[in-house]
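What follows is chain A paired twice: with chain B in the first complex and chain C in the second.
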Partner chain A sequence: MSSWLQASNWLVMLPEMIIAFFALIILLVAAFTKDSEAPYPESLAITGLALAFISSYYIPEGVGYYGQVAVDSVSRTAFSIAILGGMLVLGVVPSQFGTDTMRSETSALVLFSLCGVGFMVTAQHLIMLFLGIELLSLPLYIMAGMRTRDPRSREAALKYFIVGAFASALMLFGMAIYLGANGDLLMNHFALSFQKNAVPPTLIFFAGWILISTAMLFKLGAVPFHMWVLDVYQGSPSSITAFMTFAPKIAAFFALAKMWPLGSESGLSTPISMMYLLSFLTMTAGNMMALMQRNIKRMLAYSSIAHGGYMLMAFLISGTEGIHALLFYLAVYALMNIGAFTVITLVAPSRDPELSIISLSGLAKTHTYLAVALAICLFSLTGLPPFGGFMAKFFLIKAVLASGNVYIALAAIFNSLLSAYYYLRVVLVMTTREPLAADSDELISPSAGFTSIGLSSRIALAVAIIGVVISGISPDFFARIISL
Partner chain B sequence: MIQSFLSAFNNICAVVAQSTPSMNSWLIVSSAIFSIGLYGLLTRRNAVAVLMAVELMLNSAAFNFVIFNHYCKPSTVDGQIMAIFIIAVAAAEVVVGMAIFVALFRYKKTVDVNEMNLLKG
Partner chain C sequence: MFFINYMPVILMFAVAAGFAVANVLLSALFGPYRASAAKMEPYECGAHPVGDARKPVVTRFYRVAMLFLLFDVEVALMLPVLTVYRDYAFKWVAFTELFLFMALLVVGYVYIRGRGGLEWD
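Up next, the complex of A and B:
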């Protein structure tokens, strides 16, 4: 028994084990206490995530479980970003669900989902990848429908479920073909087949590769496969939407990075031109469609598609530079989206439940701090200099230019200019328009909205905003925090 | 199209006659199941029927795993293990899906996917 434990190098999976353990504890505590006297499940969940985060610094790098998983600095950093984002989201969950009975379930599901992220970023075997993607997705389907009194939330859950199940069916079919092409399910056949001077991959290998990649592109909402993103982001509870914007993206990007040749490192031109086209279509279509949205959550959904397009550019860069730029981008992106969706969570109950952009008018007068926080997140999403979004785009585009892909870098810059219109329009609505009539009887003071919300959401929002600012002012320091 | 169906039919007949099925004939069966599932997913309007179609697709993938494992590398059991995992995960997926459908049905009194039109913009 002990020799098996040693041989399996089980310590590499310690963070995932801690997270799963705490999720089970939360479920047990919820089962044996009444809802009214339940302790705060989020604090238990955040404790578990903090332990997992600390432990991820100390676990050894290397291969574990007989080649099923491999932990390296990239996968560890990606997982740390997901864990930190999960902690912030759990801080917002209490203000979303209030005294509702769903809080322990939501906390446990967030933990299970993060466990799936850990499986996916460390997977070296397709069984692990499959289990990871299901462990990530199944809790997300449930959480999309967590706002039980709202029919739109249930509808979002249905749409997410059907699309997700379809994507995993495609992925499984591709994995079976991969097994037929290679004889086993280890993921290193991708890297071996895309080496320079390797034997050109067979057609059957390509078929499996395309199907598995398609499932990953579904998960991160790249353009031909993006239609579910809008409805799901709009219908889900806002705090859960914040989680959806980054957790599946981190997992899918780093699973894709293991199966896609980076830049010109393979001699083949097909993968490069495919990624070129995907990235261009994703960023352009996302930005074009975001221009005409009236609903702020749909606008942010399109913006997250567009950001996915920018991030896909990282696959055009050979070597580790692109992956590091992608990690930095994902960390900043997670913080910006958590900030924006936290503000939406906090202002939604008192305003239009439909959350049209117009319903934010006069937010700067009624909820000054929240309006400033949202404005910082939107500036950062645009890519304006003092904030993190600028540095993220700067590193990525610099690396793309260095790899010689000038046109796609220009397309990204023009797209950023275009995106300024719809981000800054929200800021304009918040500052220049008069508050709506429904708000006029509300207490008007700069701190309005802060007295009514929980301490934990205040802290989460503050941390997200500070992170966005620090990553813009001192990117090195920020990179050291997320252990790049 | 008809030619390929006929040749597939001939193939199956030949297989039955020899009673040693080749890998191709098994693959034809599993691809047919996958295509039926895909067709059902795209055409059915009842959400439960859509779920059944997805189950067909998952099962054809599990079938494929066993076929490829048996014919390409009979000394290992990777494919068979994957098939067992697929069965387990598909069960979990049905649980989640049916819960979502029940929650929707209690609100709408229907699970017709064409009626799901609250979210648009």
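Up next, the complex of A and C:
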């Protein structure tokens, strides 16, 4: 048994184990305490995530569990980004749910979901990948419906579940075909088949590859498969939406990176032109439809689709440069979205349950700091220079240009210009319009009266904003923090 | 010809289907037909059918049924482990894993009890 344990190299999964352990502890604590006297389950969850984050620095890189998982610097960094984002989201969760609802469950579910991210970014076997995708998604379906009294929240949970189940079915179908084409489910057949001088893959292999990739594209909301994003993002509790914007994206992007030929390294033209088209459609359609939105969460949902389109450009770049640009982009993107959705969480319940953009009128006068924070996030999402969003887009577009794809880079730049309209309109509404008459001066979110609860979300917001600013001013320093 | 190997099976299917269809057709054609109120009732295992089947059911049943399924499926998940149990190298690993799996389920059970998932009122 000891030899088996040594051979399995189980330490590579230590961060995931720590996270799962803490999730179970939270559930056990929840079993013996009432909701109203819940001893801040989020603090327990954040402690667990911090331990997992630290441990991920010390675990050895390498293959574990007989080739089922492999940890390298890319997967480790991607997982670290997800863990750090999860910690920030857990800081916001108390303001969202107050003292009377299922905070213990939410904390545990966020941890389980992050465990799924870890499985997906390290998976080397399709069964492992499928396990990860389910472990990531099932908690998200539940959390989308966490506001059980709100019909929109229930609708979001059901829609997300149905679309997710459909994507899982496609993936299983693809896995069956892949098994038929290759004889086993190890993911290295992708890399082997897309080598430059390899035997051209068979049609049956392509069928499996397309189906499995489609499941991943569903998860990250690329354009032909994006319809679920809007209702799910709108209906879910805002802090959970912040988690949804980055966690499945990180997982799906790095799972996709293992099964997709990067740039022209395969010598096949089909994957390149497919990714070209997907990326162009995703960024353009996302931005076009965001222009017409009156609801801030729907607008941010379309904006996250558009950003997914920019990030898909990383697959047009051969070598590691594209992957590194993608990691940086995802880190900044997670921070920007956490910041924006935190402000929405703190402001929205008092103003307008429907969250129209107009309801943010005069926020700069009533809540200056929150308005400034939201403005910084929106500037950064647009890609304006002093903030992280600019550097992220700069690195990515520079690498795309260096790989010779001029047209898609131009399309991305024009799309950024287009997106300035709908992001900056929100800033305009916040600063120039008078506060609505029916508006009260105070935040009547569930955090009212619980200063320590409000405090944690303010700290999370401050960290996110500082991260957005630092990544714009000193990208090297930021990259070192997230261990690029 | 590929299908020739399966000819007995196909023939069996054809005979079975033909037998069933022929009997239903013959009895419909030649059998006497005398309807009565009792005969026209839907068949429900002897129980007297009352009202619509689509009536609301207390949601507590769903919760209990769901939890029952959760702990029931666990047995199905244990069965594949038996396939590696003969392999000596994996024997103790499989044994430990099964206990770990049970421990996780116990955590779930404690959580359900603690949160009042099995209380009827």
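Convention: the second predicted complex is superposed on the first by the 470 of 484 C-alpha atoms of A that agree within 3 Å, B and C clash if a C-alpha of one lies under 4 Å from a C-alpha of the other, contacts with A are read in each partner's own complex, and residues count from 1 in each chain.
Everything that follows uses one rule, which is that contacts are C-beta pairs under 8 Å (C-beta built on N, C-alpha and C of every residue); 3 or more make two chains touch, one makes a residue touch a chain.
Keep in mind that this is a model prediction, so the values were computed, not measured.
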When both complexes are superposed, which of chain B and chain C contacts more residues belonging to chain A?
-> B
Looking at the overlay, what does A:A31 touch: chain B (first), chain C (second), both, or neither?
-> second
Does chain B (first) or chain C (second) touch A:L230, or do both, or does neither?
-> first
Check the residue A:F161 against both partner chains and state whether it touches chain B (first), chain C (second), both, or neither.
-> first
Check whether A:D184 is in contact with chain B, with chain C, with both or with neither, and answer first, second, both or neither.
-> first
Check whether A:M146 is in contact with chain B, with chain C, with both or with neither, and answer first, second, both or neither.
-> neither
Using the touch definition from the top, say if A:V69 reaches chain B (first), chain C (second), both or neither.
-> neither
Check the residue A:L131 against both partner chains and state whether it touches chain B (first), chain C (second), both, or neither.
-> first
Across the complex, what residues on chain C touch chain A?
-> 89-90, 92-93, 96, 104, 107-108, 110-111, 113-115
Can you check the complex and tell me which residues of chain B touch chain A?
-> 34, 37, 41, 47, 50-51, 54, 57-58, 60-62, 64-65, 67-69, 72-73, 76, 78-79, 81-82, 85-86, 89, 92-93, 96-97, 99-101, 103-104, 107-108, 113, 116, 118-121
Going by the contact rule at the top, pick out the chain A residues touching chain C in the complex.
-> 1, 4, 24, 27-28, 30-32
Flag every residue of chain A that touches chain B in the complex, lowest number first.
-> 126-127, 130-131, 134, 138, 141-142, 145, 148, 151-152, 154-159, 161-162, 165-166, 168-170, 172-173, 175-177, 179-180, 183-185, 230-231, 234-235, 293-295, 298
